[in-house]
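By written order: A, B and C. Residues from 1 in each chain.
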Amino acid sequence: MNSKGHLRKIKDRIKIGLTGSAVLLILAILAVILGTVIIGGYKSISWEFLTQPPKEGMTKGGIFPAIFGMVFSLLMMLIAVVPVGVATAVYLHEYARPDFILTKLIRGAVNNLAGVPSIVFGLFGLGFFIQFIGGSLDRSLGQSGLFGQPCILWASLTLALMNLPMIIVATEEALRAVPQAERAGALALGATKWQTIQNVVLPQAIPGILTGVVLVVSRGAGEVAPIMFTGAAYYLPYLPKLPTDQFMTLGYHIFVMTTQSPDIDATMPIAMGATLVLLALTFSLNIIAIIIRSRTRSQLRKGR
Amino acid sequence: MSLKKTRFKYLGESLIEGNIKITAILAIIAVFLIFFFILRESLPIFFNGEVQQEITFGKFFQGIQWQPVSDHPRFSLWPIIMGSLKVTMIALVFAVPVAIGAALYSSEFAGRRLKEFIKPVVELLAGIPSVVLGFFALIIMASFLKNIFGWTYRLNAVNAGIALGFAIIPAIYSLAEDALNAVPKSFREAALGLGATPWQTAVKVVLPAALPGVSAAVLFGMGRAVGETMVVLMAAGNAPLFSLNPLESTRTMTATIAAELGEVVFGSGHYHALFFIGLTLFTVTFVINLISWALFDGLMSKLYGAKK
Amino acid sequence: MKLKTIMFWASLALVVIMACNFVMAGKAITLKGSDTLLMLGQRWAELYMQKNPGVVIQVTGGGSGVGIAALINGSTDICQASRSMKDSERKKIRERYFNLGSEIPVAKDGVTLYLNEKNQISELTLDQIKDVYTGKTTNWSQLGGPDAKIIVYGRENSSGTYAFFREAAMKNADYTSSMQSLPGTSAVVNAVAKDKYGVGFGGAAYAKGVKEVAIKTAKGSFKPTAETVKSGQYPLSRNLYWYVRGKPSGEIKKLVDWVLSPEGQEVVKTVGYFTVK
C-alpha cells in the first residue's frame, strides 16, 4: 500500500514534470529563435547600418529608410487608432447601458474585428481604401494616381483598423479598474459626466491605455500581410515625405531581402541584422508593456 | 451670464457625448464595411457575365487544380482548402499539447514567482512578428529538419505547421490559463481534501471544469492558424497539391492571396476569385471565433456564478 | 487637461510637417513595374542621381502588370516590364493618349535553368525542360541522372518570369501542381542551392551558388552568355523594356538616353543582365 502510494507519487511527479517541460519547450523555442538572430545579426549592427540606405541591390549599406518608413506609418496609425479606440471604449464603458442592443452590437463587432485574418485586412485596404475611397478622391479632384494607389496613408489606416480592437479592449480594462466610488464622488461634487470622465476617470486609465498603445505599436511594426498591397515598397531611393508616398518598412524589407534579393548570401547578414533590430524593438516594447502593467497592478494592490 | 455659461457647457457636453457615440458606431460600420467590400468584390463571380466567362461559383469545386494563369484557367479551391486544413491541423497537433501543458503547469503547479516569470516569457513569444517566424522557418528550420529526417521536400506542410505552432502557442496558452484560473479555489480544496493528488486534482477536477474555456482556447488558436499568412507564404513551398501527405509542400488560402494579388489584372476573374477566397477566410474565421467566444463567455459566467 | 494639450501639440506638429512637405515635394521621375528589372532600375537610379544632383528618381516594383496599369492611368512616368505589352493593354493606352507609347528595350535577360552544383547533369533540351515542368518527367534517372525525385521550384504566377518561361520553354503548357512556387527568384536560387535534387528557373543575374544548365538545340549547346543571348542562339532570352507614354521628352528623354549610353549599359553588365547593343 505504502509503496503503491509512493509509486503513484512518482508517477504524478513525472506527469507534472511533463507539463513543466512544455514551459521549458516554449523557453527553448524563444531562445533558439533569439539566439539564431542575435548570432547571425549582431555583427551587422552599427551606427552606419542604422543610418544608411541600402546600397548595391541590398547587399551593402543599411536599413535607415525601412526604419524611417516604419516610424512614419506607425505614427499615422496611432493618430487614427488611439482617439477612435479610446472614444469607443469610453462609450462602451461609461455611457452605454450593458444590455442595450447597440452596445452588444459594438462589442460583437469589436470581437469579430479582432479575429479577421491579417491578409483579409490587406484585401480590404486594397478594395476599399485604394480603389474605392482613393479612386473616388482622385476622380473628384481631377487627378490620377495620387490617392488611388498604395501609400503610407492607406497602409496606416489598414493597420489602424486591424489594431482597433486591441486599443478598445485595453482601454475598457483600464476604465474598469477605476473605482466606481471616485466617479460617484466627482458627480456628487457637481461635476458633469464628461468632466468626471475627463478629469477623474481618464487620467487614472492612462497607464492601461498606454499599455495598449505600446502593444499595438509592437504588433504594427511586425505586420506585413496587411501592408503588402496597401503601401509598402520594395525599394525607394529616398525617404517618404507625404502620406501619399509609398514607404519601406522593416518587416516587409526582411521579407523582400530573404526572398527577392539578387544575392542571398551577401544579403543574409543584412537580413539578420534587420531582423535583430525588429526583434529588439518588438521585445523592448513588450517588456515596457509588461512593466507598466505590473506597476499599475501593484499600485492598485497598495491602493486597496 | 451664468445661465449662458451653463447652457454653453451643456451644449458642449452633449456635443462631446454625441461625438463619442458616433465614433463608437464607426467600429460596427468598419466591420460591416470589411464584409461588404470583400463581398462586393466577390459578387461578380455570381452576377457579371463577362467575369463568368472566366470563373463561376461552380468552377471553384470542379477538379483539383488551382491553375489560374493558363490557357484554360482552373480555379479549384480544393487544393488550397486542403492546404489550409493540413497546415492548421499540424500547427494544432504541435501547439495544443505544449500550450495547454504550459497553462496547466503555470496555473496549477507553479509557485507565484515562477508564474510571474512564465507569463511574460509567453508574451514575448507572442511578440515575435510572423515575418520573423517565416524567415526562421525558411532559412534555418527547413534545412535543419530536412537534414535530420531526410525529407524529400525541404519546404513542406510540417515545416510551416511547426512554425505556425510557434505563432499560436501564446494565444492558446493565455486563453487556456485564464479559463483554468477562473475555476474557483473551492473545487481544488474539495478534491485535495478528499485525498486526490495534485495531479488528479488538476486533470480530473480543474481541467474538466474549465473544459469549455480550454476548447475555446484551442478554437481561437485554430482561427489564428487558418488566417496566418507570412509564415506559410515563406515556409510551406506553395505547391497547390491536392494531397494529404504532410511532407509534401502545400499552398494555403492565405498564401494564395498574398502571392497572387500583386500582379493580378484588376477586375479580371482571377482578381475576383482571390476576393472570394478572402470572403471564405473571413466567414470561416468569423464562425470559429464566434463559437470560441460563446464557449468562453458561457464558461466565465457559469464559473463566476458558481463562486457566488 | 494634460491629455488635451498633448493632443493639440501633436496634431499641430503633424499639420506643420505635412505643410512643409507639400511645399518641399519636388518633381520626381517614377519608375514602376517588373520585379526582374527592379534591381537594375535601382542601380540606374542610384548612379544617375549621383551624377545629376537635383533629379529624383523613384523606383518601385509590383510586377510588369502593375507597372503597365500604372502607366495607363498616369501614376508612373516610366514602366519597367519584363514582357512586352499585351494587345489589350496597347488598346487602352491608345484610347487614353491617342498614341501607342514608346517601347524601349533597355536590356536583355537570359532565363536560366538552375541546378544544384552537385548535380551531374549539365545540359538539357527544351523538350526535356518542358517535361520536367509539366510533370511528365519526375525522376532524375529519366534524364540520365541518379535515381531520385526531381524537386521542381518555380515562381509565383504573378511574376513575369513565370509567364515568359511558360511561353518560351513550355509552349504554353501548364506547370505541374507539384511545383513549389516561391515568392522571389532569390528564394528559388537559395532553395536549389540547398536542395541536391532541385531544379529552378530565373534571371541569369541571380545564378549564384547554383549551376547554370546549357540548353541543347539543333545548333549546339548554349549557356546564357553575352554572345549567345545577343545573337539569339540561347533560346530562353528576352528583352526587358521601358515603356513611356508618347515620345520621351525633357528629363525623361535625358534619363533614357543615359540608360542606353555605354555608361548606362555598363550597369546592365554589372547587375548581371546583357546589353541591348
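Here is the rule we go by: a residue touches a chain if its C-beta (ideal position, glycine included) is under 8 Å from a C-beta of that chain, and two chains touch if they have at least 3 such contacts.
These figures come from a predicted structure and were not determined experimentally.
Engineer: According to the touch definition, list the chains common to the neighbour sets of chain A and chain C.
Structural biologist: Chains in contact with chain A as well as chain C: B.
Engineer: Find the two chains joined by the most C-beta pairs in contact, please.
Structural biologist: A-B
Engineer: With chain centres taken as the means of their Cα atoms, state the distance from chain A to chain C in Å.
Structural biologist: Going by mean C-alpha positions, chain A sits 33 Å from chain C.
Engineer: For chain B versus chain C, what separation do you get between their C-alpha means, in angstrom?
Structural biologist: Taking the average C-alpha coordinate of chain B and of chain C, the gap between them is 35 Å.
Engineer: Averaged over CA atoms, how far is the centre of chain A from the centre of chain B? Could you give it in whole Å?
Structural biologist: Result: the chain centres lie 16 Å from each other.
Engineer: At which residue positions does chain B touch at least two other chains?
Structural biologist: Correct list: 138, 234, 261-262, 266.
Engineer: Identify all positions of chain A at which a residue touches two or more other chains, and write them in rising order.
Structural biologist: Residues 83, 255, 258-259 of chain A each touch two or more of the other chains.
Engineer: Taking each residue of chain C in turn, which ones touch at least two of the other chains?
Structural biologist: Only 62, 182-183, 187 qualify.
Engineer: Sort out for me which residues of chain B touch chain A in the complex.
Structural biologist: Residues 9, 13, 16-17, 19-21, 23-28, 30-34, 37-38, 40-41, 97-102, 104-106, 109-110, 116, 118, 120-136, 138-140, 166, 169, 173, 197-200, 203, 223, 226-230, 234, 254, 257-258, 261-262, 266, 274-275, 278, 281-282, 285-286, 288-290, 293.
Engineer: Taking the touch rule as given, give the residues of chain B at its contact with chain C in the complex, in rising order.
Structural biologist: Residue list for chain B touching chain C: 65-72, 79, 138, 143, 152-155, 233-234, 237-242, 248-249, 251, 259-266.
Engineer: Where on chain A is chain B touching in the complex?
Structural biologist: Chain A residues touching chain B: 8-9, 12, 15-16, 18-23, 25-27, 29-30, 33, 36-37, 83-84, 87-88, 90-92, 95-96, 102, 105-106, 109-124, 126-128, 131-132, 161, 164, 168, 192-194, 218-219, 221-225, 228-229, 251-252, 254-255, 258-259, 268, 271, 275, 278-279, 282-283, 285-287, 290, 294.
Engineer: What residues of chain C sit close enough to touch chain A in their complex?
Structural biologist: 1-3, 7, 10-11, 14, 18, 21-22, 24-25, 28, 35, 38-39, 42-43, 45-46, 49, 56-62, 70, 73-76, 182-187, 189-190, 193, 205-206, 208-209, 271-272
Engineer: Would you pull the chain C residues touching chain B in the complex into a rising list?
Structural biologist: Listed in rising order, the residues are 62-66, 69, 149, 151, 156-159, 162-163, 166, 172, 174-175, 177-183, 187, 191, 194-195, 197.
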